[in-house]
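Pasting a structure here, questions to come.
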Amino acid sequence: MFLKNCWYVAALKQELIDGRLLSRRLLGEHVLLFRGDSGQVFALNDRCPHRGALLSRGRLEGDAVRCMYHGIKFDGSGKCVQIPGQELIPPKLRVPHYPVIERGPFIWVWMGEAAKADPAHLVDLPYLHEPQWRGIPAYLHYDANYLLIVDNLSDFAHLAFVHTRTLGGSEEYAYVSKPTAIERLERGFRVERWHLNSDAPPFHQKVIQDKAAKVDRRNIATMLVPGIFTMETLFAPAGQGAQAGNVAGAREYRNCQFMTPETERTTHFFWSYLNNFEGEDNTISHSLLNSLIEGFMEDKAIIERQQVTLEEDPGFQPLAILADAPLVHFRRTLGKLIDAEQTPGA
Amino acid sequence: MFLKNCWYVAALKQELIDGRLLSRRLLGEHVLLFRGDSGQVFALNDRCPHRGALLSRGRLEGDAVRCMYHGIKFDGSGKCVQIPGQELIPPKLRVPHYPVIERGPFIWVWMGEAAKADPAHLVDLPYLHEPQWRGIPAYLHYDANYLLIVDNLSDFAHLAFVHTRTLGGSEEYAYVSKPTAIERLERGFRVERWHLNSDAPPFHQKVIQDKAAKVDRRNIATMLVPGIFTMETLFAPAGQGAQAGNVAGAREYRNCQFMTPETERTTHFFWSYLNNFEGEDNTISHSLLNSLIEGFMEDKAIIERQQVTLEEDPGFQPLAILADAPLVHFRRTLGKLIDAEQTPGA
Amino acid sequence: MFLKNCWYVAALKQELIDGRLLSRRLLGEHVLLFRGDSGQVFALNDRCPHRGALLSRGRLEGDAVRCMYHGIKFDGSGKCVQIPGQELIPPKLRVPHYPVIERGPFIWVWMGEAAKADPAHLVDLPYLHEPQWRGIPAYLHYDANYLLIVDNLSDFAHLAFVHTRTLGGSEEYAYVSKPTAIERLERGFRVERWHLNSDAPPFHQKVIQDKAAKVDRRNIATMLVPGIFTMETLFAPAGQGAQAGNVAGAREYRNCQFMTPETERTTHFFWSYLNNFEGEDNTISHSLLNSLIEGFMEDKAIIERQQVTLEEDPGFQPLAILADAPLVHFRRTLGKLIDAEQTPGA
C-alpha cells in the first residue's frame, strides 16, 4: 500500500534523451516516460489497452506514441488518435496518464488522482537550483521495500558500524554523539546531531587538504513523506565554537535522497550529493559520488538482506531502541496519510 | 483449463529416434514419448506410480520402459510387468497412457479420455503428405499461454507493424487491405484477406527472381480448436485479375502452425511452412525456415511480454477493436467446448 | 512440520575455525554457529531482534557477537550486553539460543525447547570416536525434503538400479537378495540383508587387492528419527559361512548419514564413511569418499527430481510395494512423534 497523491521522483532528466521511451515501474504500475518532440515530458501507463503490449516498445511520433503490435497511436494525454484500418475510435480506448513536473535534474510524477496534482505540493530543494551547489545526480536500484531505506536513514548510529571506513569515520560516533534535537514534523521529522572534536570521515578527507585536522561535525537530517531525505552537513574546525554559531572555515554538503517504490519489494533510489566548494572541474563531485556509492553499497547489502528476512517471516516484529523514535514517528505519520487516502469520502 | 478430448501435436517425428525417451510436458502433465523396438510410438504418464521417479530417466526394453530407481517395469500400455524381488504385482500399480497417432512429420496425442480418442477427429492437412509440397517441420518454445499465440495469428494487422521487414512487407498492409471474408466455423474461423498491387514482402523476395515486381497477395487463414492454424498464401502478378480467378504465374505457400499448451503459461509451437516450387535441393525450404524463425522471434518478444503483463495483473481486460472479431469468436467457441467437457454427464 | 525436540547435526567441526560466524538454516530457522574465544561452540538465532539484520554478518567479540548495523552486542546465551548510545537494555531485546553438543567430527543442535535438551538423547555412534575407525566427514546439499532421502535409504533395491556401477555392483542384488530381518524399532527400523556369492561392488573393489574374488555381503542398516542412518557393511570371502558367523578375512565399513532439514524443500546431508583397515596414509578413506560422492550424486539426481514432482503435484500418492515396509513404518513413527510434540499439554 503506497501513498499515491504525492510527487515521486520518477527519473533523472538525463535519462530522457534521444527520443527514449523509458519504461519504469512506479508503485507497481508500469509507466512510460518520454520527452516529446515539443520538449514536453509525458508519463503514460505503459500498456496498450488493446492487447496489453508495452507502449515503451512502440514508436515515438511527435508528442505521441504508437504501439507496434497493431499500430494503435496515443497522444501524450493518453487519448487514442489512430487505429489502422478502423475509422471510429472508441472513447474507452485510452491510456491513463500521470501529471509530470520537471525540476532541476529530476522528473517527478503524481501517481494518484490527476485532478489533485498540485505543483505546490512538490518538495522544493533550493540547492538543486542554486549555482553554488554542485553535484552529480545518480541512481541505484534496491531489492528492498523503500521504507527499509527510510529506516536506515532515520538512525545515524548506523554510520558508526556500517560506514566506519567510508561515510562514518569511527565507531565512537555511536557512543559519544547524540541527537541534540528531534523534531516531529507534520509530514516527517528533523534530527540534528553534533560530533565534536572528531576525525574527518574518509569521504570528507578525500576532498580536503588537512586530513588530520579535528572537526566539529553537524548533520541536520530531514525526512518527509513519501520518502524524501535531505541532510545538511557541516564540518567546522574543532573547538572554535561551531555549535554556538562560529562556522568560519567550515565545509558544507547538501545530501538529497529520494526513495520511490518500484514495487512492494523493490525501490528506485535517486540522489545527489552537493558541495559548494567545487573548483573549475568536477573532481570533488566525482570523488563524493564515488564515496557515496561506496557507502550506499554497504547499506544495500544489509537492507536487501532485511527484505529477505521479512519476506521469509512476515510476522517478524522489530524491537525498537531509543534511537528509533524518528523512524517510529515517520512510519506512523505515513500510515495515517495512507489510511486517509484509502478511506472513501475523505 | 484446457480442452482435453482432442488431438494435440506432441512431438516431431524426428525427435523419436535412437530409442530416445522423450519427456515433454503437455497440458501440464509430464508425458513420456518413445518409439518401441517394434516401431510403434507410445505415450505414458512420465511418473513411476511407486515413488514418482521420471520414467524418461529409465531404460527402454523392447516396447516397455523400466524405472531405474527401484527397477519396476511397465509396458507400452502402462501395465506393470515386473517388480524386482516381488512376485505379486498389484493391479493399481500402473501408469496412465495416452492414445497416439503418427501422421506425416508430427506425433499427435489425445490427452483426454482414451475411450473417446477417434482418429477421425484429427485435423488432416493434405499438404503435409502430398509430395509436391515441401517444407521443414520445426519447433519453438514460448513462455506464454498458447491462446496469446492464437490471438496473434487472428489479426493480420500485426503483420504490418511487427513484421514490417520480415513477413509483412509494409505498414500499408494494415491500412489498405481488409478481410474480404470472415467466416465463423463451428470449431474456429476462416479469414480471407487481399492486398493488391503491393511489394512482395522480404521473405518472399528472398526466394524469387523478380524482386521488384508488384504482386496481388492473398492470405486465407483458418484457425481450429484447440490451436491449429493453417494459412494458404498466394502471390500473383499484380493486375492480372487474381481476385477474379486468374492465378497464372502465381507462387503459393502453405503454413501449418500448431499450438500445444505445455502449461498454463508456456507453449510448444510446432510448424511447417511449405512451398510447391522447390528445386532439387532444399534451398527454398531453408530460406523460408529462416525467414519464419526471424518473424516468429518478433512475435515471441511481444507475446512473452504480454504473458508477464497478464500474470502481473490478471484483472487486465483487453479492449477489442473491430479486427478482433475472429479472436473473440474463437475464444468463445473454445470456451464453450471446455465448459461442455467439464460438465458432468455431458 | 519438523520434530523439534531432538538433536540434529548442524555442522562439521571443521567448519567452525578461524572465528567464522557460520550462518546455516536449520528446520527453516536461520542459525548462527560460532566457536567463541573460550573454545565453546554457540548457536544463536541469526537475526538481530532490533531490525532483523543477520548477526552472522556481525563481529565476533570473545564469546559474544556484535550486530554491525547499529552495534548491538549479544553474548553466547543470546543476552543483549550493549546498545551503543543507550544505557538501559530492555530485557526483551534478546536472541533465542539453541543448545549445542560437540561430539567427534559433528556439531549437534537442539532446535526445540532448550529446557528439554538432554545430551543422553543424542544418538551416539561409537565408531565416530574409536581410533581404529577412520573416515572423512563431509557435506552435501540437497534440493529436496529430507524424508525423500530417508525413503531412498530405506529400500536397498535402489542399489541395484541407481548404483549398479558404483555402490551397488549388479542388478542381481535386487532379485536374489532379500532382507533377512526387518525390525521395527521404537524410533525407527533395522534391516539386515545378505547377498551371497556376489561380485564385490566397484567402490569396494577399488580398495582391495583381489578384485575378482566372490564375496558374501551383509548390510545392516538402521534408521532413527529424525533422520539418522547408519549401516554396518561386511564383505566376507564367499562360501566360508559368514552368515553363520565365520567372518575371518572379512572387510568392514561403517556408514553414518545425517539428514537435517534446511527447509521443507532442502536438506543438509552430513556423512562419514569409515573403514578399519586403513594404512598409514588416507588413501582408502579418500577413495571411499570419492566413491560415496559418486553414488550420492546418482541419488541426488533422482531425489531432487522427486521433489519437483511433489511440488508440482502435492496430491500425488505413491503406491507402496513390499520393500517399502521400513519406509512406511518410519514415516508413521515420525508422524506420531511430531503429532505428540504439537499437541498442547503433551
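For reference, chains read A, B and C in written order, and residue numbers begin at 1 within each chain.
In the analysis below, contacts are C-beta pairs under 8 Å (C-beta built on N, C-alpha and C of every residue); 3 or more make two chains touch, one makes a residue touch a chain.
Keep in mind it's a predicted model, so treat the numbers as computed, not measured.
Student: Given a C-alpha superposition of chain A onto chain C, how large is the rotation in degrees, taken in steps of 5?
Tutor: 120
Student: Taking shared residue numbers divided by all residue numbers at the interface, is the value for chain B and chain C over half (same) or under half (different)?
Tutor: different
Student: Can you give the whole-Å distance between the Cα centres of chain B and chain C?
Tutor: 49
Student: Two or more other chains in contact with one residue: find those residues in chain B.
Tutor: Not one residue in chain B touches at least two other chains.
Student: For chain A, which residues are in contact with chain B within the complex?
Tutor: Against chain B, the touching part of chain A is residues 30, 47, 49-54, 57, 66-72, 83-86, 90, 92-93.
Student: Help me check something: in the complex, which residues belonging to chain A touch chain C?
Tutor: 151, 155, 157-158, 160-162, 171, 174-175, 178, 301-302, 305-306, 309-310, 316, 318-323
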